[in-house]
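In what follows, a single structure is set out as structure tokens and then discussed.
Residue numbering begins at 1 within each chain, and the chains themselves are lettered A, B, C, D and E in the order written.
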């Protein structure tokens, strides 16, 4: 997530360098063409680039709005993950007799669930970003759990299966009653849903056709505008075309970054920071002596 | 689902060939008309095509946005199907005593449910695409189940009925308690909902009037623009009209493909790939020795 | 619901005949006015109709989008009705002992509920369309049920009350347990909700002010455009104004039809076809020997 | 709610009288200014009011769309109130033994709940509109209930507390079982939610800044347009400015009325009519001998 | 929340002072540049600022609409908090035997829960606004609860943990049955969700790139417009550019305030006023002798 202050313009501009160069070439080419063949070229009325310009604006408005929705949905999913992580542990505390009243023993269901849930948050974030899903999990999971995870393809799902085994054990040892088990299972269902929703955003490619269409419209716009400006503003044409087209490319690029929020980039949903918040909240609930600090932001973003 | 790279422009352009030819004919006709009858034709002020152009842009923005919503809703529905498929099997594992702890026997409720659920995902995808709903199901279902399915018109619904029979059996044999049965039934309700939602998108025709209106506006725009350009840009008029109108047609066509995501086309929701993911996740949960690989993408799309 | 193919343009155009005639009169009047009083009339700059044109476009975009939302919501409600109808019967099959295993007897709860639910779907559709709510219900309901329905004002609600009586009976005769009754009741709650949602769309008039404002803007646009064209394009003005204005009226009218989807018109939500699908699915679940065919479409629409 | 037919234009126009007069003064002032000081005034290019005009159009599109959403949300909330009122009574009928089968006795839980629920609907509607919340409730509530209500600040909430007391009594007298009580409580939760949602719309002021900005833009538009028209259309300027600006004011005002749907105005959500529908449905369910007629519409609206 | 009347324009204008000064400098600079170097400057056609102007309008429409959505979502979350606070206490009253019938004793579960819930509302509001989370809570909480809260980082979450302890105690002392506990827990889950949703809005920075892009477009627009006006309107250019650009900046700033509704500013969601409403409603339900008055608005806003 980009932070409010200290945002380097350079960061964005470097991503549209290729487009800027292409626009520069195109507008120079047209300029030379007009110098040589000006009399044979049509004088396109400026209404035509105006119409194309408003089509570009509407297409970009569409892309901007849909990519914002994806980005916000990703943030909502991770918000729900934080909420349900806290809910799950709070429910164990409510339901399992005496768990709420004494400091959590090392093997108590409250503590095991809380630590496994912390691990799940980190593991899901790393899986979505294509990083090593097990990195750092040894701090939160015992060796048997880690051994179960290693061969599994979908590691966050495997962690839910371990939660599910514990739910069965809790009912069999009568630590919870049958209604409580069903209520805890409902929380697992929501966690499984949130995981699947994040996977959906990760694996669904935003319709590529729209990017191609935006590019097509921008290039058409450049051409008609360039032809429409024949003989009016001379060499000034090049910076004018360059700045206008670059702004459109910049807008398109900004939208494109937002629409893929799990790409291990500064524009990502801050999944590590959220997992850390969950870790802090749950460890304080367990009244653990050591609680980590919130994740510190990088130069201008938070991961 | 179209993939990010390797996307052949040719693929889109071939779909608007008819429109391009029509536009070519129209603009040539107007050009000839103006050559012959130029003095009798009105000089339409260019504001008129501008107004029509912005109406087209708004109509296309509407179509683009609604068809994206349909496409994204279809993807969400299949995301929910993946989630609830995993949830269903996880719940059986949580609820049925000892299912979670031992490798699943061939006739265990866990294994039967998981395989039937895998079959349901493939079967629903094939039904929506108008393919043979039973193709390949023999790998996941026993003969009695297949025999029950054959005469049924709505095969995915019939598979849910088989799930429902199993829920009754599990309660009667006391493998689950009454609350667990209700909780499992709630998952079936969600699966039945998702199935119906996918059917709704499949069977509901997007209001055809809007396509006709877009076409009407584009042709009006072409005519007024052509008349507005009388005597200004000569033969250049034809490529100008052609490119502008084709971009609008291309946009309309792109939206139209998105809005029907179960048509067995490259722009489809990747239902087979999702069903395969479910198969992989569930078989790993069962600790099956053989787990298939994820569905490989075609040239530039994933089914 | 209008179907994809075979859509007669004549069908739409006949609905805007009155508007076309009015526009014809107005533009002729202005034309004559300008012939007689041209020198006293102001030469409105064409920017003014351009601004009005883009206001019209935005207002129509708003109307189009909101009426599409109403239409799509209506379709979603009926999709939910189809889903919950199937769910209700599937739940009875899951919960009531042995219902799932033997062919349904004439008076079994499974069969009675299924037939009453089929009747409810037809009855609700007919009520919403203002047709006889009881037409054809004798095929699905026994005489006692029909006798109970006749004096009731809200017949679909009365059918839900009969379902509710049956739920009480099932618990008292111990055919279902207390949790199952509550789960079945939850399905009734959703059906009651869907019924009320459809009633809401039926009885809520879309804010009329917007139609008036669209008309006001279109007429203002016509007047300023006509005055702006003084002396430029002569008699050609009339077809130009006529076509442009008619397209706007057509768009407004198309939106207006979509926004009232229970008016017994070709643009309606296909409630009869959906009820028929429910009938087919439920009868096949009961393994009835005779199952009707899906509802055949009319010339270019499906009811 | 405004009705489809018989809608007096006079009703809207009287609300923008003040704006019209102000525009008249402004445009006259500018006209006189230009007569006297024409040579010192700048000739604003008409592109500037065009840009401002499209900003106004977009701002008004935003306001129109958000106020429509508030209005539609208010209608949805009251739709949910109607649905849950019917659900509550249907559930009592399903759950309380024999309630469904005999005509409701005067003090039966079915009858008391139904009458209290009818009272709640009327009371909530009157509270939202700032009318006497207890007016007419004596027809539906006994004296003890009324006495409990009088000192309470939030009377609809107090009625829910009375429902809640009854739920406790029903469980204690074993008229319902524990699951049924929880299911009935879930319906109370939804009613309490709907009440709070309606209060939210009532008490949340739509961001006033946008109204000020719309006015600012309209006045800027007027000024630049007036200066842009220097010497072109003479005295005709005044009606032209007047009509264009008034249409914008009219649109803003229409949106503003929609956004506050509980103001005891003709554009209100028809809460009394909905409460009456609930009364009719519930009394017919109780098979009461006397059932009132639906609320008759006023001249051109329904309250 | 800004109130409808008495809104000082000065309040907004002071926030765009810096932008106004910057625009003044830019337009003066361009004016001087044109005085000195007019003949070397290009005459930008006014279509270019028109296209940029409509891009600005669309970007601002996007920002306005998304920030309104955030603001409205924040208000909905706090509406849900009010609803679930009342629901929680109503449920205790329904479920705990005799709680509903007698005046609440000092240590009754009804009274403790109600006071802790009031404290939670105030505490959450103060936490979100970055104020002292414990300020004023001594009026609602006993010393043991306060002592538990002090070391905790997330104080509202710690209050939910205290609620959760009470739920465990209520079941163990058989004051509620197992279903009632699960239903109360469901209300806690919703409160935990609402808390997390408010935190999400508080901690998620709206994509900063869009603000930069809006500024970039406005400055481009200023430059091209200024160059387009070369020699047409002389010194008038400066006020014209100033007013147009300031309106855009004003719109951007207004959106920016709405998008962060927990910043302890007049545009905040009125969390203190909502917490006070909850306090009033709950104390009246407890029939407390002293009930505070609703929070009085400040000069032109309500906190």
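To be clear about the criterion, a residue touches a chain if its C-beta (ideal position, glycine included) is under 8 Å from a C-beta of that chain, and two chains touch if they have at least 3 such contacts.
These are the chains along with the protein names UniProt gives them: A, B, C, D, E = Bestrophin.
Note that the coordinates shown come from a computational prediction; the quantities given were computed from them, not determined experimentally.
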| item | value |
| --- | --- |
| Touching both chain C and chain E (chains) | D |
| Between chain A and chain C, centroid-to-centroid distance (C-alpha), Å | 38 |
| Whole-Å separation of chain centres (CA-atom averages), chain A against chain E | 23 |
| Junction residues of chain C, two or more chains touched | 47, 50, 54, 58, 61, 65, 179, 182 |
| Cyclic chain order when read starting with chain C and heading to chain D | C, D, E, A, B |
| Complex interface listing, chain C residues touching chain D | 41-45, 47-48, 50-52, 54-55, 58-59, 61-62, 65-66, 152-154, 157-158, 160-161, 164-165, 167-168, 172, 178-179, 181-182, 185-186, 188-189, 192-193, 195-197, 199-200, 204-205, 207-210, 212-213, 216-217, 220, 224 |
| Chain C residues within the chain B interface of the complex | 1-4, 7, 9, 12, 46-47, 49-50, 53-54, 56-58, 60-61, 64-65, 68, 71, 75-76, 79-80, 82-83, 86-87, 90-91, 93-95, 97, 100-101, 177, 179-180, 182-183, 187, 225, 228-229, 232-234, 236-237, 240, 243-244, 247-248, 250-251, 254, 258, 267, 280-281, 284-285, 291 |
